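Per-chain numbering from 1; labels A, B, C and D assigned in written order.
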Amino acid sequence: MIRVGVIGYGYWGPSLVRNFAELSGCRVVMTSDLQPERLALVQSRYPRIEVTRDSTELIDSPEIDAVAISTPVSSHYDLALRALRAGKHVLVEKPLTNTSEQALRLIEEAERRKLVLMVDHTFVYTGAVRKILELTESAGLGDLYYYDSVRINLGLFQYDVDVIYDLAVHDFAIMDYILPCKPVAISATGISHVHGGKENIAYITAFFEHALIAHVHVNWLSPVKVRQTLIGGSRRMIVYDDVQPSEKVKVYEKGIDLSSSTESAYQMLVSYRSGDMWAPKLEMTEALHVELSHFIDCIEKSQTPITDGHAGYRVVKVLEAATESVKGRGRLIELAGANARA
Amino acid sequence: MIRVGVIGYGYWGPSLVRNFAELSGCRVVMTSDLQPERLALVQSRYPRIEVTRDSTELIDSPEIDAVAISTPVSSHYDLALRALRAGKHVLVEKPLTNTSEQALRLIEEAERRKLVLMVDHTFVYTGAVRKILELTESAGLGDLYYYDSVRINLGLFQYDVDVIYDLAVHDFAIMDYILPCKPVAISATGISHVHGGKENIAYITAFFEHALIAHVHVNWLSPVKVRQTLIGGSRRMIVYDDVQPSEKVKVYEKGIDLSSSTESAYQMLVSYRSGDMWAPKLEMTEALHVELSHFIDCIEKSQTPITDGHAGYRVVKVLEAATESVKGRGRLIELAGANARA
Amino acid sequence: MIRVGVIGYGYWGPSLVRNFAELSGCRVVMTSDLQPERLALVQSRYPRIEVTRDSTELIDSPEIDAVAISTPVSSHYDLALRALRAGKHVLVEKPLTNTSEQALRLIEEAERRKLVLMVDHTFVYTGAVRKILELTESAGLGDLYYYDSVRINLGLFQYDVDVIYDLAVHDFAIMDYILPCKPVAISATGISHVHGGKENIAYITAFFEHALIAHVHVNWLSPVKVRQTLIGGSRRMIVYDDVQPSEKVKVYEKGIDLSSSTESAYQMLVSYRSGDMWAPKLEMTEALHVELSHFIDCIEKSQTPITDGHAGYRVVKVLEAATESVKGRGRLIELAGANARA
Amino acid sequence: MIRVGVIGYGYWGPSLVRNFAELSGCRVVMTSDLQPERLALVQSRYPRIEVTRDSTELIDSPEIDAVAISTPVSSHYDLALRALRAGKHVLVEKPLTNTSEQALRLIEEAERRKLVLMVDHTFVYTGAVRKILELTESAGLGDLYYYDSVRINLGLFQYDVDVIYDLAVHDFAIMDYILPCKPVAISATGISHVHGGKENIAYITAFFEHALIAHVHVNWLSPVKVRQTLIGGSRRMIVYDDVQPSEKVKVYEKGIDLSSSTESAYQMLVSYRSGDMWAPKLEMTEALHVELSHFIDCIEKSQTPITDGHAGYRVVKVLEAATESVKGRGRLIELAGANARA
């Protein structure tokens, strides 16, 4: 029975507590939050969970084996580092840290102490994304040509992070999971409509070694909510539309076939294929349930989580590069180091 | 009665001939095409139109007042220049020319000879785009924040132009018409999946002097057809979805209000507005009919068309910059000259 | 402070308890259910609410002012009657009773004792339906021509009621609320695919005195979920699509204008109007919250609820007629009595 | 080379002429219409086709082998009978005739003279409907449970026919083609909003011998265009949405499994299946092209068309019954004779 402490009971914390509470191999023993009214809410809902305003009390409690952190990004590094040093396994909300340097130090600390360090890349644990991985791995798509995602809505303008850290993190976490290779360079553009504020619209291109390109469009100022990802391969193409209540993943038997013309070296022939469309049934278990169950499993069996510290590091590395490129209005930022390392 | 000659009876030429034929102020007297079977088609449909394989015969015919050119882009400049020198008014399919230099020379030739030079930016003449201009001009949107367009489908790979010249030209033509200012710099990325071929996917960001950003995503390799443009303003936002059979333009009473917090200079307050949505009835006349009628009008009244040579030049200037930026993997290309000039 | 008891903690009971718990003018003091595990759930969630397997204990408790009943339909009448006789105000889940006779007896009992009797016609309290009433009352639609509803999905086959009592009840409750007149006759068809079971598909036409017709299609065996209502008027028409996450109600400036031709008495001229479409912003408060708040208000102020016993009676009268008509394969069932009475 | 005459160049006639003109095995030699301006249109488009206002001239012409009739329904019988008596093969626009008696007489005349009599049930020749037949015949759907169609829009109010003859004819033509059995009784309701006019809204239920039910909703007064058919089977279910530009036919691996409970004879267990969805690629050839090609084939090879006179008769028999039932406000009309006969 893993004893869990949850730091932060704001937007995402309640989902963490509820899902931990429904798992059989663990129980939540303590929750901390800076706001007393949030703690009162915990108490009314879960009379048996202890509450505290002091995260140090939670981190240092000998009654706790694992700590889940769902606080603003800027506090992730300090809290996670202290929890690791206190010998706790740690789950951190996305993105893992503000900087890739911080992510590296957390990885080192966890590895030295043989503790589980996991980042909450929730989408990786959805039935949709796991089905897409299955299709990708089984070579069902053929050679990958492009990955294109639009993640926009009239969203909460945040103060500690820009729209890249808030929304694009999901897309790069998914790509880190399903693509067979890692990006080597980033070019991004964006804009802030709040004077002195963070970017609220961004367009990020990721380049890869092979003829694969990825692009992510994130926007907090859209009148409509769009969550649509296109994945184009040489054999099949996928449309993943997360706002649909059903048939979120559609697989199209569509594409092009390229062949050199015999008549002229300069002429290429492109022929178009168009066949059936197919929407596979998806596993419907709540992603966070699958994820937390995996976290508990990894602790019990001393295993490495799918979304471990390295995954968190690689994603932060891309977010850092994107933010830097936006400042240079599309300036290319190489990522070679990130890949060599990871 | 303006006498018209149409050069090129391939993909777009038949629409030009059909629409000219239905206008009262003009008649098509000759059509040229390099392929005899295309000319046979003209003859079976329009027994009274003369046909020729030789565009020079058409251009030099004293029976012709105006020439419409719908041939591959690479031939636009030569044909248009010869037609202007022969004293004909000229309508050129989009994009006007391959290079902005060529566009400037056509403009000079037309101005010297007081001839009408018009580019076939068809979307400018649709009920949807004219309604959007009306909303923009009446300040119904407030300050413009962004213009975002996705124009993708499983499309014909072309050999003489890339996907930017083929598809993004529409978006920049629309922007040239409805936005109150012109782009000052471009950063674009893209990829070609055909060895040695032209780009078949591109992402283009246009920067403006004020806090406005534009982005265009074009792709010949998408399993689904998308034609969606979002225009975000401080008062209202528009979603223009051209694949819908009805309600193509939706206006949302949505947005944010920004205000400085009195408590802290560092804190900004963002409040969200959400109200009705409204889909105005659109004029349904075929865009090409409106456009050709305008062309004939401009000739008869010696007026400047809405989509004159300068509009064609400004759009080609952006396409050129985008193509150059793609080669530099997002490298920023300044457009100052284009705006100073136009 | 109204003290509430809730009978039945199955599918709908938890929503009742949660919403009563969040209201300020009342508190839930006791909940009953036949299954101990359901009561355990109540206790874990609301430690202060008493639980019992015996509904009589709840009904007879002097600590309770009002009883909410969310049990199978066949038990509604007995439980409600006993509660009224015990001097409690009563809220009953839809449909009010199995038969219209039972509904009449509940109405009489409540009126004699001056108690509030309310039926849980939830949709009446949604922002969408209240907006539609507003449009209907303000004559925004002109003369009403038709009301057409489709309410289908792959749903739970029920054993105590057919698809008419399960799903069509919603549509007739909405019609009872928004239409200015009541149906005078019913013709319905349907089928059961479970041997000896209740109808799982039904088509119900309601006739009115004027040139208004209503139709409801309900189906437990549809591969897709549809919740779409069309309301056609002489001036405007409404499409109410309840599965949309936003813009559930769309108002179309569309219709026909009829005029006698002067040339011939036998010729009618129909002209078609087509204008803007408009999706009004809807009140987003949870319907059950609005409804329970109204129930508490009516108790405190001795007022008649919008969905009182008479509304419940009229709707059951229609359901009865529809079920009878289905058995007669479309045989017309007159409803004159129902309207005379109510 | 079959020589064809086309009577009627109004709404549908131009499509007939265009498609006949593109077929290799036939040619259109004459077209008749009562309005001179329609004939002028024929001449401008097809200089080689003779025109006449007198359908008798066309019918009696020895230069003509087959006659296609696209005139108002009330004239179908007379024109078709005269054409058959003149020894011509005949294609008649849907519905075949006004009354089933007329249909029978045409069938007799054609059979006696060994001429092809075909009715223009166009949807039967679409890729979508042919694919649905394939799925139905291969037992891919299991036992058929229901067929439900909605065919509504803001449509032309017609004077010679009601909405049943205008729109529901399509659905009953499709059912006649794809369902393994024929309806045995009809119950229908409807309304006319034009004083003294024909019904403009109708709801038609068709009963079959087995546990299959069909329903058709047709409406000329809907603000939105809907063309959606659901076909429910015990193994799979189909959604056929004809207004979609692609993926018109979707096959759902969804349904219920019924089994008797061993514990109680009165208890039935229903379990729900939910699997993949699949949209098969459809043949895209224009339906009318396929149909006219079939007509010419049947003439050349003396074969019976898929949509022969008997199909036309069976469909008119249903339309007659529906119209009669509407007048009786849902009164059941038995169809036994129709099936015995056909």
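In the analysis below, contacts are C-beta pairs under 8 Å (C-beta built on N, C-alpha and C of every residue); 3 or more make two chains touch, one makes a residue touch a chain.
Bear in mind the structure is a predicted one, so any value in this text is a computation, not a measurement.
J.: Among the remaining chains, which ones contact both chain A and chain C?
T.: B, D
J.: For the pairs A-D and A-B, output the one whose chains share more C-beta pairs in contact.
T.: Result of the comparison of A-D and A-B: A-B.
J.: Of the other chains, whose C-alpha centre is the longest way from the centre of chain A?
T.: D
J.: Could you put a whole-Å number on the gap between the CA centroids of chain A and chain B?
T.: The separation of the two C-alpha centroids amounts to 39 Å.
J.: Take the average of all CA coordinates in chain A, do the same for chain D, and state the distance between these two points in whole angstrom.
T.: 53
J.: Counting only residues that touch at least two other chains, what does the list for chain D look like?
T.: 274
J.: Write out the stretch or stretches of chain B touching chain C in their complex.
T.: The contact residues of chain B facing chain C are 247, 253, 274-281.
J.: Give the list of chain B residues in touch with chain D in this complex.
T.: Interface residues on the chain B side: 47, 225, 243, 245.
J.: Within their complex, state which residues of chain C touch chain D.
T.: Touching chain D from chain C are residues 145-146, 148, 150, 152, 154, 157, 159, 185, 187-197, 201, 203, 205, 207, 211, 213, 215, 217, 219, 221-224, 230, 232, 237-239, 252, 254-256, 258, 267-268, 270, 272, 274, 325, 328-332.
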